[in-house]
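Before anything else, here is the set of structures, which you'll find just below.
Two complexes, one shared chain (subunit A), two partners (subunit B, subunit C).
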Partner chain A sequence: MNRNNDQISSAQLAFTLAITMIGIGILSMPRTLVEKVGPDALFVVLGGIVIVVVLAFIISKLVTKFPKEGIVEFGNTLLGKFLGTVMALGLFAHFIFFTAIEVRMFGEIIKTYLLLHTPLEVLMISYLLTVVVVVRGGIEPFARMSQILFPIILISSAMAILPMIGELDFTHFLPVFRTPVLDLVKALPLMIFSFLGLELILLFSAFVKDTKNIAKNVMFSAGFTGLIYFVTVAVTIARFGLVETTHMIWPGLEIYKTIDIPGAFIENIQIYVLASWILSVLMTTVGVYYGASLTLSRIIKSPEQGFLAVLMLPVIYYLALMPDGLLQTLEFMDLFSNYLGTLYLVLVPIVLLGMSLFIKKKGGSKSE
Partner chain B sequence: MNKLIAILVSLSILITGCWDKVEINKRIFVISMGIDKFEGQQFKSRENEIFPNFIPDRYKITFTYPNLALIVGDGAGEATHKITSTGININDIQKNLNTHLEGVISFDHIKLIVLGEEMAKDEELMKEVLDFIERSPEIGRRIHLMVAPGEAADILSTKLPQPIPLGLYVRDLMNKPTRAARSADADIGYILRNLHESDAAIVPRINSSKNEIVVAGAAVVKNYKMAGWLGEMETLYLMFMLDKVDTATGNVIVDKRILPILVSDSTTKMTVSKKEGRIHVAFNIEAEGSITQHGFALVGQTFDPKYIRRVEKDVEERLEKNIARTYKIIREKFGADLIQAGEYLRKKDPKVWDEVKDNWEEYFTKSQSEVNVRMKIRRVGVTR
Partner chain C sequence: MGFIDDLFQKKEDERYKIPVEKDFKKNFDAIKEILTNCDDIIYRDFNVGQDQKMRFAIIYAEGLADKNLINEHILQNLMILSRMANMNIETLKQKIYEVIKDGTVAVTDLREIEDVNVAVDVILSGETILILDKWDKVLMIATRGWPMRSVSEPSTETVIRGPSEGFTETLRVNTALVRRRIRDPRLKIKQFQIGRRSKTDVAVLFIDEIANNNVLRMVKERLDKIDIDAILESGYVEQLIEDNWRSPFPQIQNTQRPDAVAAALYEGRIGIIVDNTPFALLVPSTVVSLLQSPEDYYERFFISSAVRVLRFIAMALALTFPSLYIATTSFHPGMLPTDLALYVAGTRMKVPFPAFIEAFLMEAALELLREAGIRLPVPIGSTIGIVGGLVLGQAAVQAGIVSPLMVIVVALTAMATYAAPSYSLAASFRLLRFILMALAAFLGLYGIIIGLFVLLFHMCTLKSFGVPYLSPFAAAEMTLGDFKDVFLRVPLHMMRKRPSYLHRSDNDRLSKKTADIFSWEGDRNEQK
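Right after this comes the complex of A and B.
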């Protein structure tokens, strides 16, 4: 905020959000959906997309009311100093836990697929250091990196799906709508939590030059991310069938093991997809890590966030090492998204928007 | 100066994550693996008396891996190495072999897994092996799983005429465009999926003589163990039912003359329904083909639409009868839902599926079949 270059366009904001939303959730999403609703998984995805686009609209409405301000500032305005700070501290904790989970899952997946003998701690430390380098750069390098990396990740993953098309069996989605409606509704939160990262608008909107385009771009970003999820779930279930999808921990990654391009010099395409996924999860971590350090710097009214990012590193490292193993990490992830996720992705924006409307009316000052 | 130190320190931390560095020539890329049941004499050692709770060896595993040194041109000896070992399970053997081999065993490039017949018939071992394959992050889903009559180790000992590893040879054999439909078209992904969805799958049969490999016929796997063999022709007709025929040849007799017919394209539509308390499976097959040989100097006959229609009729009748017979064998002898009729019902007719799913095996064993073949002979070669 204090540096001259801390400005991004709303299109860049859309890129940063999309790349932050796509992280570790996408790999296990087909499994969790099929476990809950069987062949109707795609309808849950569609329902989730609709809800999230509406949420994106609500959040953008809220932030456009306070141009050049982040949630810490307008939270104080709306909730009062004390409640506003509590809310901001909660948001800080939310991002810290989020980062820790991303780091741990990154370590687990790399250890399973790529570096089998490297200690988890080493994987996580070197990963965290890389993340901190980007975070210290601030919003602009992050936004530009997203802009460059997003198409690369998208195109490489999409290309890898192409050889699979002939073998997809879409009858796996039959029978349609045999799942009780209640189950479908119950599975919706699961889908919404795959869009965690969207709450970063609350902070990043302060940097956006063209405030009036935020809603449009953010909704597009959420919708596009939803489309990527939709394709991933569709392809995975069509390739593996219902039973096998539920047997795998990361079907979204395992799917690339089924590719065999005849005559190609590359034999295990999976490795290349994994590489592009690493970029994607790196950007997710950067996004939420940056969110955490930014929130803290705003709370303590520090002009710089870079040194806070470095100070936070041991905390995140410690938190990331807390779960005993993969199973407990997954449990923590569920807990995290159920409580903090609901709070900051759904409740806080809605309450704040309601309050801002209320205060405006009470004050009688009709702006715009 | 400070910056330089910072860069050096961060480099030394960031670039040294390489616990897993193994030079490529120190890797042992297993190309084919043979898994047999081990029932021989247990190795009695002094230690087994000290530790009486030891678990006896159950597997005999044979690995073949290419001689990388020879391939890059600075080595001697055989093109592929073979090593056999026994152990409690695959991981145990892998660890055992670390005391024999100087390289690191890697399954990243495995192409072929052959199961011995005895092993495939053992439900417990079969479940372990299938899980090992599914769980391993290294093993892809396009590799070929096959069952060998007798010992899998014998298959891996085959000396092929070409100096290429057996696994690659089998992959080429299975992927060529004119692949015979007599060998079951099933890779590990297909087998795992069908075992999950229908509890039954076919696994190609691999057989060898001294220096030849034959992939033809199939093993029927039901309830996670091998239930029996399907012969080459049975496999062919099953492939017709599964709509997996690319090319096939068959012979018909018209006017006492034996004519070879090349089926070049075939599509099958299966419908399953419940009629009068019984499951009714209908196959509607549309096939295209050509006559590749006819009698010498019999000009004109292959240009006669009536004659062609008679040939077509004969093909249709033969196929219909033979497919119906194969179906009968599958349901009566094996009771294995290899055609995924249950899966069809679950998807397309969930109401009926809810009625029958608890006694599905019984319903399937008593099911009826109906086969309709529509054959079109499109080409007759270059003579009329």
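Right after this comes the complex of A and C.
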């Protein structure tokens, strides 16, 4: 019965992270993996899960060292005022780009599958407005919504997979380990970037009541998300085969088109799965957008996070309109995850953790 | 105990106090002056005693006070029987007031009053004031008794199994109805007055040790902040103490049923009963509590659980069915099986309106029908139902203005709406339905999802007296036990604890001994 709107439990944190991580990526993931490594895609997924769980462990170790503080605060203590602010501004840019890409991709997918004649701008504006409404609400409603929506999305997608089981053909994976090991390793980053959103712990840990449980819950959350990816990739490839998978932009969505329940009232399952996917992407965007507004409000030390979120809306809208088409959006997405993604999901946490250990060791003698 | 005493301590009356004086005439005139031009106040002054030297007066409001009681137990005693009193004149002179107070007036409740203003208040509540000569106090005699509606079956929230008593318009009767169900000294009934002019009695009911002190404090503080001229119905109180006035959802449950209030009190919630209305308020309320009916607990759990599930489906239908119809027909005909999609398109062929206009017209007609039906007397009301529902619907379809499917959709939605146990929740769903319909008309299924998303967000932010509106979903610490009474109503012996989101101190509902009687196989394991 907290009256303040800024406390969540670490279990809620796990829900928010899981629902943020699962977004656009899951739809194209089978294709990109098969393009790179062919039938060994599942091993890359497994490798990615292991790495991400380790990353989750590293990040949680870092944030548990600074309870009730976000990255903007402890970045300043570790890196110094100037470097810390630069790092935080970069994080802000990272979230802004992330949001813009999500918004654009969402618009493209909805235009392809749901509303063929509605202008992209209308879709994107309505989407952004919805997201801003929720972002202004702060962390607690967001955490509660993840808690409610995550099981709904999970169960509805899992139910949709059930009728497919009979048609799955796992021989598609069969020539195991024919891909050169180097290619497997090269494909790993691709997998890791599907977990973008995990870096939000750096910010959200400041709200967590029971700091000591963060590591456990966050690792579980990352692992569970990985399991969902694993099932998606496995089912998609087993259903379509390697060649067909590479020929679709969003095979993760197309599989639901193939479902045929004999004698059912509903013929087109895909649209219902799409409905639950919309909820998932909405939550992803809310998480990232909220991350952006939160970072900014922490940098300029303003409590007006909700107002800043509204100010950011035109910027994000403009950025989202920049790519010329779907292909360019996909290119932008690659660029973005290759640089900013690596930086903030992998490098920054590791460096900061290293520094915090270093400073801790020297801290005893240096505390003058 | 100290907490409750602190919370409900009497505040000093801020008005200018007019003390009662020793002079009979002064007191009498003071009251008469305040109550000037109030023709319903009866003044009766008379002489008492063997020598008829004592001057007394009684004042009461006609219609509010029980005349028989005044005649037989006050006036008769004072005027006639007191002469027969065989008493020493000396002691009588010294102790006249004690004698009258303790030995003459044969009424249960008496109180001495020292302030003329209080005396006036008391008169207007239906009590009788007795002014005695040469005494610096006046005597209040409890004579409340006005013609009142007897306890009858509530017009809303009817049940098939369960008591058919409903609250009446009299506070005291209502609290008694609750007290009859809770014979626990820890059931506290704290009473005060709200309304500068109406001075309406408001009672706060709770069970000490079960009710949460934070919620209790919030209730008291919010009630204290109300400074209004009049409280006519509990709706006034509801709107003045609710958490978020901009929300379409009712955050306080109202009920006409004493058993519902008692059950809520046993759960640790707090009841607010307002005089002059049969609707009691229950706080805190969650969306789940608004979807429960007292009958759920009286029937066996199979039936109740099935009905609960049905009710949740009905609520989903009430909210989204027309908008889904609009979205499918105008944006995604592919959602339906091909045969059905063709049939729907076929029925809509002659309809000159887009689906949204069609749906909007029919829904608006239905709302009109409902509103008209309520205002009319019962016999005509059913006529309106027949005329509106059957004739109009049939004619509209035959004229080709709406498709027959649309009529089915609207009728089903209406039925689903009225399956809600709480009228105010159903009303908010009816309103939100129109918003979702508009969204569906613009953006199809995507619009509906956006609408539901924002709705869910709103419900996540909503709190009722500090308790999240969506409890037990989405609590920071979810416990499985709280879900025993949400979608399903598990057997009573499995509900051993009270719902946890209220955080009260005494949490045991059913003893382990009783629960252990029921074995999992379904037989009772009783040793004889």
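The rule is simple: the second predicted complex is superposed on the first by the 361 of 368 C-alpha atoms of A that agree within 3 Å, B and C clash if a C-alpha of one lies under 4 Å from a C-alpha of the other, contacts with A are read in each partner's own complex, and residues count from 1 in each chain.
The working rule: a residue touches a chain if its C-beta (ideal position, glycine included) is under 8 Å from a C-beta of that chain, and two chains touch if they have at least 3 such contacts.
Because the structure is a prediction, the values reported are computed rather than measured.
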Message: Once chain A of both complexes is superposed, is A:Ile148 in touch with subunit B (first), subunit C (second), both, or neither?
response: second
Query: In the superposed arrangement, which partner chain does A:Val185 touch: subunit B (first), subunit C (second), both, or neither?
result: neither
Task: Examine A:Leu115 and indicate which partner it touches, taking first as subunit B and second as subunit C; both and neither are also allowed.
output: both
- request: Examine A:Leu282 and indicate which partner it touches, taking first as subunit B and second as subunit C; both and neither are also allowed.
  value: second
- request: Please work out whether A:Gly137 is in contact with subunit B alone, subunit C alone, both, or neither, and reply first, second, both or neither.
  value: second
Message: Looking at A:Ser126 after the superposition, I want to know if it touches subunit B, subunit C, both of them or none. Which is it: first, second, both, neither?
response: both
Task: Identify the partner contact of A:Asn268: answer first if only subunit B is touched, second if only subunit C is, both if each is, neither if none is.
output: both
Message: With both complexes superposed on chain A, which partner does A:Asp260 reach: first (subunit B), second (subunit C), both or neither?
response: first
Task: Return first, second, both or neither, reflecting whether A:Pro175 touches subunit B, subunit C, both chains, or no partner chain.
output: first
Field: Where subunit A meets both subunit C and subunit B, residue numbers
entry: 114-115, 118, 122-123, 126, 130, 267-268
Contact footprint of subunit C on subunit A as seen in their complex: 1-3, 7-9, 11-12, 110, 114-115, 118, 122-123, 126-127, 130, 133-134, 137, 140-141, 143-145, 147-149, 209, 264-268, 271-272, 274-275, 278-279, 282
Of all residues in subunit C, those that touch subunit A in their complex: 214, 331-332, 334-338, 340, 443-447, 449-450, 453-454, 456-457, 460-461, 466-468, 470, 473-474, 476-478, 503
Message: Give the list of subunit A residues in touch with subunit B in this complex.
response: 39, 112-119, 122-123, 125-126, 129-130, 171-172, 174-175, 178, 239-244, 247, 254, 257-260, 262, 267-268, 270
Task: Report the residues of subunit B in contact with subunit A in the complex, numbered from low to high.
output: 10, 13-14, 17-20, 108-109, 134, 137, 140-142, 175, 189, 192-193, 196-197, 346-348, 350
